[in-house]
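We just call them A, B, C and D in the order they show up, numbering each chain from 1.
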Amino acid sequence: MKYWKYLICAVLLIVAVSLPKFIGVYPLQMANIILIYMALALSWDMLLRTGQLSFGIAGFFGLGGYATMLTSTYFGFNPLLSLMAAAITAGLVAALVGYSVLRLRALYFAIVTLALGEIFRVIAQNLEITGGTEGMLLKQTMFKGDAASTYWVMLAIGVLTIIISIIFQKTRIHYASTSIRNDEIVAASSGVNIFKYLVIIFAVTSAIQGLVGGAYVQLYGFVEPTATTFSINFVLMPITMALLGGLYTTWGPVIGAVLLSVIAESLKLRIPYGHLLVYGIIMVVGILWFPGGIMGFIKKMFKISNQ
Amino acid sequence: MRIKVFIVLLLAAFVTGLFFVAVPAQAAEPIKIGALLPLADATGKDGSRSMELAVKQINAKGGILGRQVQLIVIDDELKAEKAAAALDKLCTVDNVDFIVGGMASGITMALIPGMKKYGKVVVWAGAAYSGVEKAMEGQDWFFHLHAWDYQQGAYYEKGWAEVKQKYASFKRDKMFMAYEEGAFGSGSFKGQKVLAENGKYEVQGEAFKSAAMGGGDYRSVLRHAKEFNPDQFIWVGYDKDALPMMEQAKEIGFSPLTFVGSPPAWPVDFAKQPLNEGVLLYSYWADTMKNVSRASKTYSDAFHKEFKDTPTTYFGPLCYTNIMILADAIKKAGTIDKAAVIKALETTNYPSPLGDTFVFKKSNVIDHQANSWPKFMQWQKGKLEVIWPWEYATAKMIYPFPAWDKRGKASATIEGEKKAVPAKDAKKDKVKK
Amino acid sequence: MLIPCGQYKPARNSSIRFRDLITMINSILSKFKQKNFLIGFIIIIAAIILVAIYKPNVLFEGLQRSALYALIALPMALLLGIVDIVNLAHGEFMMVGAYFAYFMNVQFGMDPIVAVIPALFLFFLFGILVYYITFKHIIGKEPLSQLLLGFGVGLVLAEGITVIATNFPRKLGLDYVSSSATIGGFTFGTFEFVYVAATIIILVGLQLFLKKTDTGQAALAVGQNPRGAKIVGINVQWIYLLIFALSIALIGAIGPLFGTRYTIFPGVGDQYTLKSFILVAVGGMGSLNGVVLAALILGMAETLVLSSLQYGKWADIIYFALIIGFILYRSHQRQVK
Amino acid sequence: MTILKTTGVTKQFGGLVALSDVNVEVNENEIVGIIGPNGSGKSTFTNVVAGVYLPTSGKIEFCGQDITQKTTHEKCHAGISRTFQLMRPLIGLNMIQNIMVGAMFGKGHSLKEARKRSAELCKFLDLENVERPISAMTALEIKKMEIARALATEPKLLFLDEVMAGLNKDETMEMINTVRKIHSRGMTIVIIEHVMRVIRELTQRVVVLEWGKVLCEGTYEKVSCDQRVITAYLGEEAEC
């Protein structure tokens, strides 16, 4: 039983890695989009496992994007190095900011993270060095835009996120975050250093978001503060995907990201005008059918079949 | 057990996805043109309809080189990653021969890596941001129709200089620019500052939050403008800002000598608003141009016949032109071979519904820049009239902008104002032509 | 009584008595005896006087802007603050209300301000409908699902309007919206005082509803502890339905008022959803007065910053920094207690 | 030896004084009972000592260290552990995982070690079928699990806050035995209780709180005959 899991994971990984041999550039590009949103959704869920609802995804995503852009433009970092810079910048800023912000809970935390993202945006928009409102263009995207190589980078980021999420689920961090989410007083009375764990998890998830932001800039080659890099889409879409897929699990956000991205794209190609209407209806019906997300539904099915 | 079912589900989802996404490529019988436009936006809607119209007309005449033309339009959703994916789909799944379309600069930026990768002939309608131009330096397959931001600015200066020459009473020593805080607005202001330095007039500017981004209160900006007391007031924003801007200017009693707006489109029914009287604007095209340009009339009539509607933005005729230029070049080249088509495109000479006759020249940076130019227009009695360039002028300019307290509820009082136009200038007008 | 509340019947006099007024004044006066409150009050008064001398327009326009923010945030404060339902489609309902008024005007020549009354009734029914179709099945389960549901409903509303009426921006040309008055050479717009009036009416109405009616008290009880409220015999489902429909009715009726002054398009609402969300958080969950006060402070500050030419582009940063500051300060206060 | 010593501990909530000048000493290896009518400050005292609230004034010493300003988890690491008046299981975790939280974070054991120790604790407290989710457990089991979670932090001092509340007679008996068993392992226990029988059976010394003040202190027999205590309880379950 146990080996089954590893075997399936290995097969999946091999299939994922060798995908460029079988499919064309466009499906790969779609896979990149799915991986971007999947990593964001999963990282958001990882923080949510502590009960902290973040609306700051776009903020750290944009921060990472700008870090990549600035380091590769002004210091000539190579693409992978600039991605590292993005992750580190976002992680550090999150750790610093977290020291004051992580004392907040629930809606207050959500609003403050949202406001933080907006502050990052306004700063990026008003500084000369970041190209102001017009943004900046990258001289050369990573691997000269080669579809297979960029896909592998994105896949690496996606797999890394999944691995971090699994690690979070298998180690003491799982116990820390679950107890903090369920009952902070019990957690603290049982010796959990709530603040420490929150800062660590916030920094790690923000670093992932920054990394994805950096990859986004490396993929599409530009930053632009108002409509793209700090777009509210990068808050709403990952949250939507994680909720539909199922919270507090590794595979829920993954399923949500794959399903919603594929549905959105196929709807767009079939119904050029008004596809978002159908998309919205699917969302509403989806959450009414699976109030606990698709993973929650699957789990429930198993419980019933087991009993 | 749990994991197994889950894996099966995941695979099922994936396979369904592939099934949905991978539209099988068809035999390359027709000439395929791929277009990227924001279909949910007014510009994209006008643009895609006009493209369809152009293709229909071409196919009705038997196509090009004996082959039919197939247009594949994909919505870029105004999202960078979706646009890039759409470009990949056009180039790899649909195997299009040429790429057209394009509206927002931000989206175009995301397409640059892909365009360079595929190297197909691109005839691009939109994107005015000069950063795009820099990125396209030395790419011989890139043909750009819309004027770049700095070109537009310089052209406006030329226009105002000509207006000043013609109307002795025209004054433009002080100018105030209210611009939306995004790339579109602040880019315009940056350019304007340089132009003002060269033109030796005073300029002041301030950003506002466009209603498109959740703003909509312009009073502080308008007050600053009023304090500055400019001869010319220009606002650079979106169609959503148009009417509230006028209302709030009226509210605080701000009426400069010329009141100029430059949104890409105007809201529904703006024509019916009495407040619009005398508002000047920059645009490439107005429906009234059918009175002065034959190409414009042909286009306008055809569009109306096809869709029982009038295009509200200049992206309609621009995208129509986009297809027509490409079709002409293919015809001229006699093949869809890249080098031949590029050669043929270089010799383009197309009288467009926008008024201008399109030819490609070198710009500061790129090799193939069309000479399309914006025009000065003015709302007069609920119609957009072209004021300048003189050869397309459909009416004379109302100057100065009628003060709020001097107009009645309707626009009846404007008649008298028109006399402000010096009669002697009519001759100069003819000489110019 | 509107709602059958079972055995739960708090003994209350539904009219405002003179004695209530005295106790209210007394409680306000006792606040002045606290040092901090007095200092804060003096600072605020001084700031208002300074602003009034320095830039009188900030006072008027700031008030009007704040009133609009507060007006839009109040229905959300009712729904989110009182009974803990997050409705991310908040702004979209307002947008639909504005479209309703627009087409009433175009088709039947009805003035948008008159259209507020039919909008109120129609959106109450609409709210009931939406509640029965969607939110009813989510409330009390995973609370975060409300986010996704609201997002989906908002998308359906916005895209539905796009399909029906295209996404071209629309704006009614109403002569009275640009009316202005002049005092001592200073001209200011008068129409937007409608927002101030509407805010006061809704605020007072909601306060009375919550404090003076059994149903309002029941709603407060449900908000504090749904399970407990059920135990004491309150029909919780009814309360949710009523508050939801009331919130939708209010925001739907605010739509026409919004549409008089602002351009409407299908995407106009989402920005205001976010703003309202922020105001409810800053004002403090459950406090309607707090929301109005937060709107007043943030709106005034925003207008003040915008009124200075050089710093206008940083207005957003000050706005958001204020929000963070407020929330951090409030959380600090809570910890000290 | 004195293990816990509070000197002049006062706690105010706004204008309300919940504890005023409370001086309590707990010696090693004894069971101290804290009793008092509802709202007398029993739970507040637990919360102040175990660190959920910081005291407004006063000093708390634990094993000779001043721990007054320490946070909840620091106090837990120092060796104070507690259960809660109302059942507070961590519903996202199953039975043994709940206990592991205490072992991992209270004592810093690794995941493996924590599981081993938690399993031992389960055996010690007669908890079976340890992988059950919370929803499949009885009230007694949850209470025992919470005690196990507190014990897993390997404390020097254990606060049991109304651990008998909501249990029937048999269950109460079982719980009393459980507490005895824990005490026999050398644990110092402070038991906050409403049910006098429990106090009588278990405690060596009783502290009576009323209106946030210590009313009197002594053995159960001495305290239960004190006139002030009887007045405070108004005959409520107080039998001489």
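The working rule: contacts are C-beta pairs under 8 Å (C-beta built on N, C-alpha and C of every residue); 3 or more make two chains touch, one makes a residue touch a chain.
Note that the structure is predicted; figures quoted are calculated from it, not measured.
The minimal number of chain-to-chain contact steps leading from subunit A to subunit C is 1. The chains other than subunit A, linked only through touching, come apart as B, C | D.
Contact tally for A-B versus B-C: the pair with more C-beta pairs in contact is A-B. Centrality annotation: A (chain centre taken as mean Cα position, compared with the mean over all protein Cα atoms). Note: the chain lying farthest from subunit C is D, by mean C-alpha position.
Rounded to whole angstrom units, the spacing between the C-alpha centres of subunit A and subunit B is 36.
Subunit B and subunit C, compared by their mean Cα positions, are separated by 39 Å.
Between the Cα centres of subunit A and subunit D there is a gap of 43 Å.
With centres set at the average Cα position, the gap from subunit C to subunit D is 46 Å.
With touch defined as above, residues shared between interfaces to two or more other chains in subunit A number as follows: 125, 273, 276. Among all residues of subunit C, those that touch two or more other chains are 162, 274, 313, 316. With touch defined as above, subunit D holds no residue shared between interfaces to two or more other chains. Chain pairs recorded as touching, per the definition above, are A-B, A-C, A-D, B-C. Within the complex formed with subunit C, the subunit B residues making contact are 40-42, 45, 181, 204, 206-209, 211-214, 216-217, 219-221, 223-224, 238-244, 247-248, 250-253, 265, 267-270, 272-275, 312, 409. Considering their complex, residues 171-172, 175-176, 178-179, 181-183, 185-194, 248 of subunit A touch subunit D. Residues of subunit A touching subunit C in their complex: 48, 53, 100-101, 103-104, 107-108, 110-112, 114-116, 118-119, 122-123, 125-126, 232, 236, 239-240, 243-244, 247, 273-274, 276-277, 279-281, 283-284, 286-288, 291-293, 296.
Within the complex, the subunit B residues that touch subunit A are 1-7, 9-10, 13-14, 16-18, 20-23, 39-40, 45, 48, 73-75, 77-82, 84-85, 88-89, 91-93, 104, 106, 109-110, 112-114, 116-117, 129, 131-132, 134-135, 181-183, 185-187, 213. Per the touch definition, subunit C reaches subunit A in the complex via residues 80, 134, 137-138, 141-142, 144-145, 147-149, 151-156, 158-160, 162-163, 270, 274, 277-278, 280-282, 285, 313-314, 316-317, 320-321, 323-324, 327-328, 330-331, 335.
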